[in-house]
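Two complexes follow with chain A in common, the first pairing it with chain B and the second with chain C.
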Partner chain A sequence: MTEKFDVIIVGAGPAGISAAITTARAKLNTLVIERGNIPGEKNVFGGVIFRHAFEKLIQDFVKVAPLERKVIEYQYWLLTDNSCIKLIYRDSNFKDKPSGYTALRAKFDAWYAKMAEEAGAMIITRTSALKPIIKDRQVIGVETDRGEVYANIVIAADGVNSLMAKHAGLYRRRKPNQVALGVKEVIELHRTKIEEIFQLGMDEGVACLIFGGPLKGMTGGGFLYTNRDSLSLGFGALLIDIANKGKRPNKILEEFKKHPSIHPYIKDGVLKEYSAHLIPEGGYDAIPQLYTNGMLVAGDAAMFVNALEYRGTDYAVESGICAGKTAIYAHKVKDFSANTLKYYRKLLENSFVLRDLKKFRRIPHIIEKNKALFDTYPEMLRDILRIWHTVDGELGEVKIKKIQREIFSKRNPLMLIKDVVELIRGVIF
Partner chain B sequence: MTKSILKKEGIPIWKSEENSKVEPKLFLARYKRDDISHLTIKDNAVCLKCTRKPCIIVCPADVYKFEEDRLIVSYDNCVECGSCFIICPYENIEFRYPRWGKGIGYRYG
Partner chain C sequence: MHIVVCIKQVPDSTDMRIDPKTNNLIREGVPSVTNPPDLHATEEALKIKEKFGGIVSVVTMGPLQAESSLREILAMGADYAYHVSDRALAGSDTLATSYTLWMAIKKICEIHGPFTFIFFGRQAIDGETGQTGLGVAARFGIPIITYTYSIDEINLEKGYVIATRKVYDGKEIVKATIPTAFSIIEEANKPRIPSIKDIIKAYKAKVIKWNKDDLKLEPDKIGLRGSPTFVKKVFPPPLRKKGQIFDGRGKEKEAVVWLIDNLLKINAFGEKIAEKYEEVKPLPIAFDKTKQFGEVWSYVEHRYGKANPVSWELLGESRRLSRLLNVKCATVVIGYKVEHLIEESASYGADKIYYIDDKIYEDYRTEPYSYALTELCLKYKPDILLMPGTQNGRDLAGYAATLISTGLVADVTQLDIDPTTGILLATRPDYGGNEMSTIICPKHKPQMCTIRPKVFKIPPKIQNNNYEIIKEDIKVPEEKIHTELLKFIPREKIRLEEANVIVSVGKGFGSPKNLYLAKEFAKIINAEIGTTRAVVYSGWLPKEAQIGQTGLTVRPRLYFAIGISGAIQHVVGMQGSDIIVAINIDPEAPIFNVADFGIIGDLFKILPLLTEELKNRIKTL
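On to the complex of A and B.
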């Protein structure tokens, strides 16, 4: 295997395939290297895909893609050990114009890879890329476990643990506070049952974002998504927090499953799959150098995840498109040095990828340091509601006093104001 | 390891015994074993002096066990997430991917 291509893309996930579709449609000779037996086999995510980015490449995306359910309802659950406070937002607007769809990656990525093949890209599976081939400080190809392949440009879309970026020096060692461990179970449940318990029409779905509870004191959140015939239940928490708490990931997940507010949803279900994956949550400040002579980094490999909005796939797609466009531009000017490839960074800076991540760059630092958001506040809110709803003839004025004491014993007024200001600053400014 | 016995029918949630352990759950995924380990402990002596052993805690697939002064690596349980080498305070774990499409294969993902 010593063929030479215009572009080699490592990884057949959303970033890699988006890049492949872009370059193949521009008639560049494109090769995608994937280590799974089938694209998608090694991939895991929480469960919601946002269509806007995919629609840039595939016009009737919603009609042809193997999606599970359109999300018409978002729920926020605030858990403590024995209670649950829910905020439910359902909007009929989403029935006509949904933004997000639940999906399962094994099925979805396999289909998306076919789109790249239709566009003219070549995909080889069961092949692990080991490292880039570097000659005179220029990446000129990829060394795989089956031999060497050469190209003018290599796009590293090989995920959060990118070996390509690492060996090309485009990788900052991930710190345990920059990645979250995501663990998920797919639980089979009959579709009529799902539609009954969540009050959904056919193809309609719910996304529940869960805070506190088993993740008490850890930076992270749980999720419960409805697929066509199954539920995706899981959580993501900073790796450093899991280690410090000393709680095994499977134990945390089991605590979610046994929680009195979650168990009723899943009790009749059948566990079909247990999976785990790392999520790069370091945000803007963890992003590595994005290009070097002959190579670009996209998707998770470049840490493009917006942890605040639970978004990652659309960032991967957009960065893949930008990488593809850069490869096309480089072939036009026939120069593959970093000097030309810096165009990639410019494209990203003008897209939502770097603009959003820059905007929310403080969020990862705030939520990592301020653990009160993940234990003190859920408990405080529960105690306030508990005092208010415990009706036993106690005087209203006594209840109010109790509530005041509850708030200020856990968090003094100054801290309270500081927390609010910090959060608002993180999101707005 | 008898991962070839696939439990396609899954594990009912009410079976709390099987649900509370990781191994029965791992049997649900497709798995092809590579003959050589893709996880390497660089120096076992380093693991000996490591007091917290966070790799054992964070691994979602129970790959690491400490027995008789040795860190046992059941690499054929691995779900290839990479948590272990990132959490290792001594950078003592070398992480690669299994070769030729081997290792874990998700049906849902």
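On to the complex of A and C.
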């Protein structure tokens, strides 16, 4: 007796669970297969959870979800070896209407998965999905390390290294400039200390995005987020850049932690968790085929990450919902071929997922071509500020000339203009 | 055929971490798993079901989340699952747990018919007592074969089963009547991995839940109230003192001499024998007229009259405790033609010897020994009874403690008397030694413990002319005894766990051809060879020699780690050694963090020198 499901979802992360909640609530017989011991065990992010996507599925999301702190302040740090320029943006608007909350994945994902079970989905853990079962060019099930299961629709939400999408021929390989390697530590620090350092109330938090410094020469950025009683600290950089740098990621992280601007925050903390993960970075142009006969691809598996905004989780949720809706539609019309499943793409094109990725599709290319943004400019800014703030009696006109020289020596006027134009084009057009 | 399997859901203690600041175990966020030994018990039950037909029911006593473990067993192939869960059961020790499971199994049998067998895992990886199965069997009055390696013959018509059990000194082939209980060791089989179909089926299966009222459990027999023992305090294990490291690079001879000098100074190669008897003064509470302290007893384990030295380790402690309480210490000798053990007991310091000698006690068997020990305890009411933590010692202790209805603490490594109450403080390691707990049994007598072998020193022999012999004629009719020892096969060579000195070799040796260096060294000092997983995986040495998380745990007097880096997975298997010596070329090797003495240097230079030097020294000793 082979057990057949309506929908099998591979991966119990945000994309998979969102799809599961959607299909289970529509009374489709739903199975989720997760390779970890518990959902969330294999998942890593910075990170901040943006509530809007989850609120489509869960009422009172911010009240019931295990979230850490609501983000009321953003900091942008530009580091060089010996200096730090910070732009701090705090807005009391976010105290009442926060968009994002810091979170810890093991806790959050485990809770989120329970929502799917409550909706009626079956979740099986400790089981790895190896590849889709394909018959007559139709995906009809999943081959796991414990045997085969069958379904009308398979939703591949198995992360950036999606074996399911790969074996279904939806992509050949991720290029090393299309993925970043993220390395992260969770460092325990007493809650009152965090609140003191960052001037925060009990449930308020800060998100710091960090560039330059030890990350010099690599396309990427670091982060420091405040959790309830810990800090999430880490960085992500294009895999190809880390490889070229010739340094092991943990060594880079060590340097990162030792940087005079970062070290004071964590020196009294205790390392609780160390993790690493690949992150989709390629943007719109790295997206694989999103569907085929009998299968849909969602979340990181579909490379749905907006690196510019450090957003991946809400994209995963939204795409999971779209995948779920597509599965429901397919069951209504009783057709599971690509012809029906293209509805998925339609839904995505109408949502922020594809629209935003398309809008910002040039950003990954611009940034990759202009690594200068990550080291030249921080240094230039530092030098300008340094010249300006060194008050030793030097004449003003001398100082201004120095500043001018500084700017143009590092980047000639044409390049400067080009940089600005490119950035504008990438973001606005 | 109806087999009942008892399981437990436990924190995954192989995955436990220590908080580096407080040295305490981190309990939160630790995932729960089905006690791995129970999977082996289940596999054994399923193998029998496949052969004979019938059904397998699985039962657990545990909180709501334990249901997932029941489903795991259903997925493996069990037919019915029963979950006993109730807040009132919290805090149950093994006596209360065996009572609860006994009542649950009785009810299961009302539904599915009487059981043929009850299976248990060897022990739970959290409590690590191995006592619950014995308690359940004692309550049913059925034989139990603990540490079962294989079930060799099942004869349902004639109503008997033959099984092989593995104990420290060899193998016992035992015949028992049906119904029978078993505890299965992990070596017995490889548990099947359920297919996804099985998991799906089990996901949807019905699990019957029972609370204390469904089973009509008596409130003073369950939970904290029904537990004679409870944990008084929990604390991190003592940190190992920092070792001395000698940089032997370029000065190999000097390093070797330094090491040997140090080792000989502390009698590293010798048995743990105390030099002299430490006279101990009684505690003030011993003279408290309102308290009447009974004697302190220790059990003498023997095989056909040859005493297991652990008995004397126990006697040494027993004597010390008895002096603290100002009472007499006694040994319990049960056997056939074992009179000589009386004098041996006296020579190690016993004030009294309780002696039972009869043919029915010729072979060690759970039932007659338990009945005899129980009768002795009920008649003479000792305060404390120390049992050896060997397989048969734990077997006897678990069964007898249930018959006596008293508390039993397992695997104790430290004993004290509470000066304010006179109660025994029994300290033991939890979670593989990651944490220590002190347990007391304040209201029941005797306070029983099984003691971990080779922790306490063997006391020196004394001139003892002042001892009393109490001969008891306790007999158990053969009809009441359900087991028979068919054959005892002594082990061929010493097990690594029993070795006094171990020379352990790592990948640093480069190739199996070089292992002879270690073997020569081991021969000189009469040591056994141990090794790491990496070496076993490379095929240089067999799995039996593997020490570590997925191998053996050893506690020798002296452990040489040569060419071993000291990864944590290896260290957890040997960190209980008294003295650890490390030889490694890499000064950063983590093994130096646990070594008492270390030499940084090339083992190919040092080992031959060490062997040579020791040869000379032994000649002159």
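By our rule, the second predicted complex is superposed on the first by the 427 of 429 C-alpha atoms of A that agree within 3 Å, B and C clash if a C-alpha of one lies under 4 Å from a C-alpha of the other, contacts with A are read in each partner's own complex, and residues count from 1 in each chain.
Please note the rule applied: contacts are C-beta pairs under 8 Å (C-beta built on N, C-alpha and C of every residue); 3 or more make two chains touch, one makes a residue touch a chain.
Predicted, not measured: the structure shown is a model, and the values here were computed from it.
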Could you look at A:146 and tell me whether it touches chain B, chain C, both or neither (first, second, both, neither)? both
Notebook entry, point to check: Looking at the overlay, does A:267 come into contact with chain B only (first), chain C only (second), both, or neither?
Noted result: first
- Message: Tell me the contact category for A:106 with respect to chain B and chain C: first, second, both or neither.
- Response: both
Quiz item: Touching A:127 in the superposition: chain B (first), chain C (second), both, neither?
Solution: both
| task | Check the residue A:278 against both partner chains and state whether it touches chain B (first), chain C (second), both, or neither. | result | first
Check the residue A:183 against both partner chains and state whether it touches chain B (first), chain C (second), both, or neither.
first
Exercise for the section: Pick one for A:37: touches chain B only (first), chain C only (second), both, or neither. Expected result: both
Chain A contact check, chain B vs chain C, more residues touched by chain B
Check the residue A:161 against both partner chains and state whether it touches chain B (first), chain C (second), both, or neither. first
- Task: Determine, under the contact definition given at the top, whether A:254 touches first (chain B), second (chain C), both, or neither.
- Result: first
Note: overlapping chain A surface for chain B and chain C spans 37-38, 106, 127, 146, 270
So, in the complex, the side of chain C touching chain A is made of residues 19-21, 29, 31, 193-197, 199-201, 203
In the complex, the residues of chain A that touch chain B are 35-38, 40-45, 104-107, 109, 125-128, 130, 145-146, 160-161, 163, 174-176, 179, 181, 183, 185-188, 230, 239-240, 242-243, 246-250, 254, 257, 266-278
Per the touch rule, the chain B residues reaching chain A in their complex are 9-14, 19-22, 25-26, 28-30, 52, 54, 57-62, 79-83, 86-87, 95-101, 103-109
Residue positions on chain A within touch of chain C in the complex are 1-3, 31, 33, 37-38, 106, 122, 124, 127, 144, 146-149, 270
